[in-house]
Amino acid sequence: MAINDSRNLGKSGLRVSNLGFGTWVTFGGQITDEVAEELLTLAYDNGINFFDTAEVYSAGKHSDCTKKSKFNDLAEVTLGKILKKKNWRRSSYIISTKLFWGGKAETEKGLSRKHIVEGIRGSLDRLQLEYVDVVFANKTDAHTPMEEIVRAFTHIINQGWALYWGTSRWSPMEIMEAYSVARQFNLIPPIAEQAEYHLFQREKVEVQMPELFQKIGIGTITWSPLACGILSGKYEDGVPIYSRAACKGYCWLKDKILCEEGRRQQAKLREVALIADKIGCSIAQLAIAWCLRSENVHCVLIGASTVEQLYENIQALQTNVNPSDKGS
Amino acid sequence: MAINDSRNLGKSGLRVSNLGFGTWVTFGGQITDEVAEELLTLAYDNGINFFDTAEVYSAGKHSDCTKKSKFNDLAEVTLGKILKKKNWRRSSYIISTKLFWGGKAETEKGLSRKHIVEGIRGSLDRLQLEYVDVVFANKTDAHTPMEEIVRAFTHIINQGWALYWGTSRWSPMEIMEAYSVARQFNLIPPIAEQAEYHLFQREKVEVQMPELFQKIGIGTITWSPLACGILSGKYEDGVPIYSRAACKGYCWLKDKILCEEGRRQQAKLREVALIADKIGCSIAQLAIAWCLRSENVHCVLIGASTVEQLYENIQALQTNVNPSDKGS
Amino acid sequence: MAINDSRNLGKSGLRVSNLGFGTWVTFGGQITDEVAEELLTLAYDNGINFFDTAEVYSAGKHSDCTKKSKFNDLAEVTLGKILKKKNWRRSSYIISTKLFWGGKAETEKGLSRKHIVEGIRGSLDRLQLEYVDVVFANKTDAHTPMEEIVRAFTHIINQGWALYWGTSRWSPMEIMEAYSVARQFNLIPPIAEQAEYHLFQREKVEVQMPELFQKIGIGTITWSPLACGILSGKYEDGVPIYSRAACKGYCWLKDKILCEEGRRQQAKLREVALIADKIGCSIAQLAIAWCLRSENVHCVLIGASTVEQLYENIQALQTNVNPSDKGS
Amino acid sequence: MAINDSRNLGKSGLRVSNLGFGTWVTFGGQITDEVAEELLTLAYDNGINFFDTAEVYSAGKHSDCTKKSKFNDLAEVTLGKILKKKNWRRSSYIISTKLFWGGKAETEKGLSRKHIVEGIRGSLDRLQLEYVDVVFANKTDAHTPMEEIVRAFTHIINQGWALYWGTSRWSPMEIMEAYSVARQFNLIPPIAEQAEYHLFQREKVEVQMPELFQKIGIGTITWSPLACGILSGKYEDGVPIYSRAACKGYCWLKDKILCEEGRRQQAKLREVALIADKIGCSIAQLAIAWCLRSENVHCVLIGASTVEQLYENIQALQTNVNPSDKGS
């Protein structure tokens, strides 16, 4: 399996690389612009064509992880600068962003038409792009009617500000509702869902998403293949001082790791380590390759804060987890 | 709360009594026609207006519970005979049946247009009725496209063979898909779902059905308020020889009771018994009243094999589980 | 103006006589079948082609006006018998009935699909007819969704049980909602509204109905031209013992007449009497002719319990209330 | 209750502050631009996010209230200048304007497609904005078919010149008709109605609008909480020379105050004054808080010509009119 062994994103015609690169946590936050550029270049040069970001990520709570003042840009700003500098052909890569949390004002959050329209325009400004390829609704919004949401994303596409739209962390029923409204009012349905997927979180991607794919063509992009780093093995002996879980805004992660369920996961992890050892790869590589084994997963988003880490993760594609799965 | 304290079935205009009477297991199977008539009369006289049955129930595997040859009618046949004899005004009660398993041939199962059309006609013949009020799809059918299913039920309603249609044991996503197809092709959407609901099975009815009610008006009819008899307390000390769980076709029930999860339930049951004792009602009465406490449950189906048992269950409505819940 | 000076009912193609004959209060209730036949014959012979009735009227509360046991048929039954006996060409007259109160059971009232379907079938049985010309929803039903109501009336028309449907005592917004749903789902919209209209109740018919006619073609049938008899002048000196207002079920009418508002109306009535005197007609004739002066009123329903009374009312058409109004 | 205790505008996803600020009478007319800026800043800083204006207000007849030549700008021009100067984030506030009276020419009035398109473009020019959030039809137009009106507003939204559209002073039937046409032709329905609402004008907002909200999600924005100043108490002893009612263009207001109905209102006002006194607030504060007590009112528009007056009105939110109402 190679990265440029592309797959269609759901039943859409959009061809995505197996691995996608998520910029939301690190870009503009934990790393310098120079490292960001190195990472993006490495990814692009290795055949990754899908770069995912989101509005305002790492601006608010995430940014207080470090006190260094130079890391204060938004992920979209950093990504936009690099894209401009590198000057790759626009048609050779895919940019997606995600909308929901756009600012502090009441009208700057959620999935109202106002925020969807203003949100995408803000993102395009920061990215210095004319359009993104896919725009995702980053969460459902119980206070906005589905008709308004689907109409707004259709409007964005009709305006030329995005080519496709998708969902992130929506329930299968909500995705089906969006599809229903699109069909009822002759609007544009979503093409893919971004879902958490790793050894400890399997049901949605393995059971529900294939059904949505069969019925209405929804593709699956997965994120957090390392379970927020747990599957990297770095929390095996607790929470190291310099890890993300020790950062100010990440108490929830620390709690997750140290709780009882977390301990059970560490136990499982030790078994995974044995298998990785046998295959001759790192735990992280095994975890990523494991996500990719299913043809229902169209793209696995990975992140990285160092070039070494990214390189290691890309190598995951060499890992032959379960060749007999491929045919099914 | 009284039985004739009717509720609308979902957002439809159909007014159903709080309690409904399910005839599928016992009628034509475990009990004589005389007892069946006594039960139906008691139910009707006490204000129950909803009688639920299904094609072919107790014909196949279920009937081998007893070797006595006289109990070999189908539940629908028995129900039809009694309705004819009693001659109550047709408009004063509601008959529902459920389609899926109509016979042994390949073409006699599932939700193809062929089986839906032939199935309802068979049911009407056996019931000696011109129409049922609600016809339910008794399961989903992964091998029939949703468009065919919704078109077939719409056809049944347009032919006058049923007034409404609903689903039974469908996932929220499947129900939303049916609604979506109905809207897309201007067909008739379903009005209600029949779902299992009792102390040990709560999530679907308490979390997912209210959302479906809000969004697309789907009502909820629940069945198995006593968890297949577990909540009647009769399996407290194992499986008695003469109970249903000891019947030949009910190994699954026996297994369920004796497994580890079953043991945990028996433990919980002992706590329930204490509460019932305090309130001064039987465990079964408490279990039924508990189902009815939520306004999202529009009808609770109960069954009975003796007049005493049915009478006791109807009395459940006198039980005041949680009065403060009612007003909200 | 003559009775057979027909008008179209709204923008429909149905041609109705100016005057219609309402059978709901008197038939099967206050008068014998012989008188009923005389009345109907007089009406038909004088060119009235519209006969309006309703399910179960005069069965319940209305029938206790008299203790004589011979008046116990339903209005529809009496009307049906006479139509059968007279054997007029079915195509030469229009029969309408109204649905809402069909029986005591929860499922026998309102505008659920169940009651609309069962109600019209009951009416057709009682009328001994294959179809009525127009079926009216006798009231709105806040507990049934408009989609269900419009679908059910469309079904009735598709089954051939009625040719048109209309509304009675609906607000303009509700009528517009019905129209909206019909257009949205490609169903059949209503053609006319039955509304109370007389000197003391003018706004709906004079202001709101013309707008509905212009916009969506809804016709207007009016009832109670004599304001429940107040405009007949018979309550001028209080409530006579043998009048309807003295009947057991009509306390509300008695109260209405004797209240302060009622007294004000009696004062106005005295002015009307002067005008009637000048024109040379009775107050009742003036009141009926006054209703007909507007071209927005397509049919005025009148009732009668004696041949003399009906004859007098029919003569109202000779009354020239306000010729200059005609051109507008 | 605080202003930033936002509500959704109807069933739309747009979050509006409880209080909105109406600029139409005073801006560009009665007050200087400096005062206008102070007022807008005070409103924004206190959490008001909804600013309502209208084309041509205070240009025509309204402006002759004063002979001073410097007050000759249009409200939209003044509002636009201030927004430009203040440079608040566009996504943090909501601008609405209203179309109907655009100029003296025949083609510059009403709701023809021509005027709707040319009207909104004129408004955007004057406001120096790319889009408004909500555009309202300021009145119904009996001479333009509803299909043309709804198509034109849908066009405006598809062009990106407005995010939503609404109505102002439309009857419930007209709103339902707009919705009907939107559904029939798959156009965009309106989201809210602006209606007069105060102690002396209650029916539409309290009775009719909740029904429209339930059925088709229409929100309610109210204006004139002080009944054109009557509820401020300033006309208690007649019409003072310097009040608005004494202005040349406001004869109608003067008449209204001095007529019989006006006198009755003054009597009621004295009772209101007693209550306000007991609560410890001004009559105006009580009147505004009273409007906000209902959850069916999504935004109450207030106006002001001095900073003190606006500040006092904003304080109305501290007034606890009927705390038990809030929870229900």
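Per-chain residue numbering starts at 1, and chain names A, B, C and D are given in the order in which the chains are listed.
Quick note on the criterion: contacts are C-beta pairs under 8 Å (C-beta built on N, C-alpha and C of every residue); 3 or more make two chains touch, one makes a residue touch a chain.
From a predicted model like this one, the values you see are computed outputs, not experimental measurements.
S.K.: Which chains sit in contact with both members of the pair subunit A and subunit B?
M.R.: A chain counts here if it touches both subunit A and subunit B, and no chain qualifies.
S.K.: Fitting the CA atoms of subunit B to subunit C, what rotation angle results, rounded to the nearest 5 degrees?
M.R.: For the C-alpha superposition of subunit B onto subunit C, the angle is 90 degrees.
S.K.: From the C-alpha centres, identify the chain that is farthest from subunit A.
M.R.: So the chain farthest away from subunit A turns out to be C.
S.K.: Roughly how far is subunit A from subunit D, centre to centre by C-alpha average, rounded to an integer in Å?
M.R.: The separation of the two C-alpha centroids amounts to 44 Å.
S.K.: Distance-wise, how many Å sit between the C-alpha centres of subunit B and subunit D, to the nearest whole number?
M.R.: Distance between chain centres, rounded to whole Å: 53 Å.
S.K.: Using the touch rule from the top of the page, what residues of subunit B touch 2 or more other chains?
M.R.: Expected reply: no residues.
S.K.: Pairwise, which chains touch?
M.R.: A-B, A-D, B-C, C-D
S.K.: Give the list of subunit B residues in touch with subunit A in this complex.
M.R.: Residue positions touching the partner: 146, 171-173, 176-177, 179-180, 183-184, 208, 211-212, 215.
S.K.: Could you please specify the touching residues of subunit D with respect to subunit A in the complex?
M.R.: 4, 6, 8, 11-15, 17, 49, 89-94, 133, 157-158, 160, 163-164, 186, 188, 217
S.K.: Show me the residue ranges of subunit C that touch subunit B in the complex, using the header's touch definition.
M.R.: Answer in residue numbers: 102-103, 105-108, 110-115, 117-118, 122, 141, 143-145, 148-149, 151, 155, 158-159, 185-186.
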